[in-house]
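Okay, so subunit A shows up in both of these, paired with subunit B first and subunit C after.
For the complex of A and B:
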């Protein structure tokens, strides 16, 4: 049997970063941010973009300081065995929840829109099988798939562009009516960027270590641009008050245009976006399995296999969208705060211990 | 072996795709339109009418109308279902017709229904009708096979007259309902029982406050309101010679409006600029001796003057008679002053100053020189 191959190129890293964030968020983001920030929701999405940018930049710096050891070696050097265990366990729980949220969100959307006749569990099981099969062979496989799927993302870009001159600027004015509103809605914007944390685990696998920072930044910028643009277009077209009332504003938007052959864009956008979801699921599943296999000293493949069950169970608690979003609101802030603390702490310690580790390498 | 495994997996997954739980086409009633009424005598109960196609033989399509009383929007659905032989397909509805009394009672529940149901089409039209919606469906259509289709195609063809708006579909109604500083304004129709043919006609515009209709503007009066309200709308402006009607001028105009808002001494000032591009369709009013260039400019000036006067007259009348913004200009004030001033802007509409400026440019004179 071939060993698991985890090496990726820097372009594949870019695509993985870009698509690790496209979750259920992109469809409901406009509604999430317009609740608090009203017409200036897009500004908070733009400001929220600082989070993924910081993550990829700090991640690259950390690994540069420890001369690209892999995550566990790095963590053990910096924190010792026990703290490494605790931190990784927290990340594991975080990824488990993220994956469960994405999976249940996907199932909720499918039974809402195009497959009303299926049970959500069927959709979840099928998605898990797809995610399992994709991530079973390691990161290299996923890198290749994301490379292919990246070009499909442009369709998600193109469809909202259809609406660009149909909106009304008065819906976006006045640009800012209160900084505190924008800050309040930052929470919702940050959730849509969750998933970026996988960069802390995959950076050491990049073969070409020269342009990690720029690849990460470009990857995040693409997603930030996509998010900001969709929010801008949705709010300019239907206004913030209506956008905040809808469950999936983008689906409403694309459903409102009558086309002759394909009726409307709704099914197409769900198809493309569904493929992205499978891919996001596999990325997170891969990183999750990597964590678990190292934590509990089992092989990557078997942890990949056994992990399917716990998050299916977890995801089944979040069926029905209002339940899911209320739980996301409660849980997510803690994880994001944890990630921020972890990355700043690691950056500090790694830059202090930098010289020692470099010397050891020599 | 691996290929076979994956192929098998994909085959199994394909089994999950399909039209499970759907009624076959023979068992479907293809809805064409629905009507909603209020029964004032029967304790404000609702009355729901549907019009649907009946496919009998090949190439023979008929229509039927069913009416039921109900407490809410969907109890009607339930009650109707024990009368009907087929399952209704709501995605095909062409027109929602609302009786005048129902519109005055409030249509919030209907709007909610139309948004919430994923199956419903967002490109249907919504109109208010004089009297009962039920009576509209009792008409006998000739041009189309259903009244609902009549209504929809009539609205779609009406955009070249009276400067009527293109925003008449249900998604535009949702936008008008939810966006700040706007109000729902939808066509008001009435039955037109002709000598030979029954049809419906647009006889005005129904104006709403939130989800309740407050008044109707007759179409002749609505023409100039439309000219101010709707950008990129089309219609005819004429110079009428009362003494000799063969010596008149007709222009086919496309309007474009721009609104600027400013504040002065706690008074809102709206500057509305209307650019009109006109095609000369008929002109016998011009004097014989003058050179053609002057003649065209003269007509443009005259139309400009006349339109501006009428618009000013309209604005004064609207302020006095209706007292609410029917020009769709408050949204610009809110965009300028901020959301928290919404109440102030609404209250101060009567006292605000609305300046209007018309520019007419004749871009074509047809085959003739002037």
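For the complex of A and C:
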């Protein structure tokens, strides 16, 4: 681990948080939530945003309670060796699945859109190589990349804005289409925020510990705003019925803009979004390698390298979007419940221990 | 190892020195006798020392202007120098090895019989190319002077522009065989001490028999030898060096090289020109923006054209497809070969033109660019559209002000073309992403290569990057090159 530089600034933390969640969700989210919540899908996305906000706030509080020890030191202090091993293993499996889902989703979309001529395995291998090369030098490089690329990928925000006055408001009415439906579609919305859990591992690497909470919150809010705005615009433009039938409604939307040099905006948005996917994959690969290197006492670089194979194998099971989304529906709820339980428990124990230490001091 | 020192017997000293500089037709030994009783010998190297200077400043006073008698046993080299030598730059040396080095470097050595020290006078010939306009970094509004092959003159050009007592000039000798003078200049108090010590450390670590140019020095002091990107900035312009020194960087000069090596250097600098600061703010920003558009054009225009032709013609608008189809009719080569063939032809022409005298170079450019291009299209080997795309790419490379960076960027389009051919848009996407990863991973003497954009310094240094703020703002002290200041922030 000596050659690896993991320190990040709080600004970089903000962008890592923002990038960790942008997976395939942004393109298919409108379809997912429209199935259950109909025109109120955007409300589910907005409510689902509580999850990343909670994660970053609780994560910051936990590490404040333990004086910013790193994840393993913190966990061992609160839970001991065996429980730390079990919890980290669960997180490792979770990240492995998340990365495999993103990777297969990316391959599925590329085949669907602009690289029909490539095998999904080729797309996955190329993406794994990119993720490996990006994450092998540690979190510092990833932090720098995310903060630089944020401005490039900012166009993802701007493209849907083109449609803001082209939609029909009646497509969004009535605003609330039954609380039950909104809650049902919350599941799909929550999955699109998966990846935020990396904050539990990277907070101790922030060099300036002031305003960690606000950086995390801003990072999450950017993604929440992007997701909500996308769903809102898609539904207002094409209506929830059509949106729920499409696999990637946002691509349909941008496909309708004609340009003089390129047929439509679809290519541009995939180009920009692909950049985001590489960032997301690299962030999760980095955290995954960090967990594996500490669990199995191997160097960070080796774990970074050796993890490429298992997650390529795992991702290959999820080729075809239908198969992938059905597996995501089965697996993800367990992981999200686990994360919620872990963070609440850790916050409580860390607060009790902190109070105990304070009392002893008095 | 024990150093051999001068003997009291002048004949013996001359014999030792002569034996060590044997078989050198330029070596001159001029024996004289002062007032008829003190033997002296003047040693120098013809060609690199100035004969006239030696005659006027050293020989003439010693032979003609000594009037009072000198007692043979009481005279010392220091006294002769003090009373009779007109040269302003004098030192004394007793080591034979050092004396030989001084003679080889153009100085004049005066041996005095009975003295164990020799007088060393600066007598280096000024027969150098005069100060001229830079050939590789031309400017319309900036100064016309550029560095020459004379190290002292190069340093003087800097000193004339920075009249600051904190301007430090340190000399190093590099190269076991060439013993080349390398000068490090920086402004104390402006340069970060950590960066300075890293520069000095790397200079001291150089182990090479030969040091001839600043390009060689660059490769010895940079950390990542196999990186495509230059980690030091080579410049011919003194005004550029002055700007850099004031920003907290150091400049290295190698003797007999008409360029300075500025360290550390970051990516964005290679796209900034000294003229940007002389022009009006909006106009200079427009020029900078054009350079970045040119950079993107060089990198992605050909790969995108290739992908659209080979894999995704459906992404092109109908009218554009018709134009491309009509231009490609009857072309037997696949797009990748068409593009690569044209690119390689242009690289060959450019490399050829570079070595030729300028009138012949211009002819070659005309023959290559117009005649060969036209012939290729007429022969149906290359389509009009491909020729147009390649030409736009080539012209775009000329907008990048730094020659070193142009070379790197020009090279980078080849891997991107290959990736685009292999994986279509995915290859291009992955290639560009990896390019950014590689740049971000680079450091120049501890300074992140992509700063001040990554890591970002929005408040401090973004005022002078892709665009520049008005001079009042953009000339404020930069934090990018100050590690200690950055940590505090």
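The rule we apply is simple: the second predicted complex is superposed on the first by the 352 of 362 C-alpha atoms of A that agree within 3 Å, B and C clash if a C-alpha of one lies under 4 Å from a C-alpha of the other, contacts with A are read in each partner's own complex, and residues count from 1 in each chain.
FYI, a contact is a pair of C-beta atoms (placed from the backbone, for glycine too) under 8 Å apart; a residue touches a chain by one contact, two chains touch by 3 or more.
Keep in mind that this is a model prediction, so the values were computed, not measured.
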So, after the overlay on subunit A, do subunit B and subunit C clash or fit? They clash
Mind working out whether A:170 is in touch with subunit B, subunit C, both or neither, as first, second, both or neither? first
* What is the contact status of A:144 with respect to subunit B (first) and subunit C (second): first, second, both, or neither? -> second
Chosen between subunit B and subunit C, the partner touching more subunit A residues is C
Which holds for A:12: it touches subunit B only (first), subunit C only (second), both, or neither? second
First (subunit B), second (subunit C), both or neither: which does A:256 touch?
first
| After superposition on the shared chain, which partner residues are touched by A:285: those of subunit B (first), subunit C (second), both, or neither? | neither
### Message
Between subunit B and subunit C, whom does A:267 touch in the aligned arrangement: first, second, both, or neither?
### Response
second
Considering only the touch criterion stated at the top, classify A:117 as touching first (subunit B), second (subunit C), both, or neither.
both
Query = So, does A:238 touch the first partner subunit B, the second partner subunit C, both, or neither?
reply = first
Q.
Just to be sure I read the superposition right, which of the two partners does A:276 touch: subunit B = first, subunit C = second, or both, or neither?
A. neither
Where subunit B and subunit C land on the same part of subunit A: residues 115, 117-118, 122, 126, 129, 133, 258
Seen from subunit A, its contact residues with subunit C in the complex are 9, 11-12, 110, 114-115, 117-118, 122-123, 126-127, 129-130, 133-134, 137, 141, 143-145, 147-149, 258-264, 266-267, 270-271, 274-275, 278
Per the touch rule, the subunit A residues reaching subunit B in their complex are 38-39, 112-113, 115-118, 122, 126, 129, 133, 169-171, 173-174, 177, 237-239, 241-242, 245-246, 252, 255-256, 258
The residues of subunit C that touch subunit A in their complex are 311-312, 314-317, 320, 423-427, 429-430, 433-434, 436-437, 440-441, 448, 450, 453-456
Subunit B residues touching subunit A in their complex are 6, 9, 13, 16-22, 115, 118, 122-123, 171, 174-175, 177-180, 331-332, 334-340
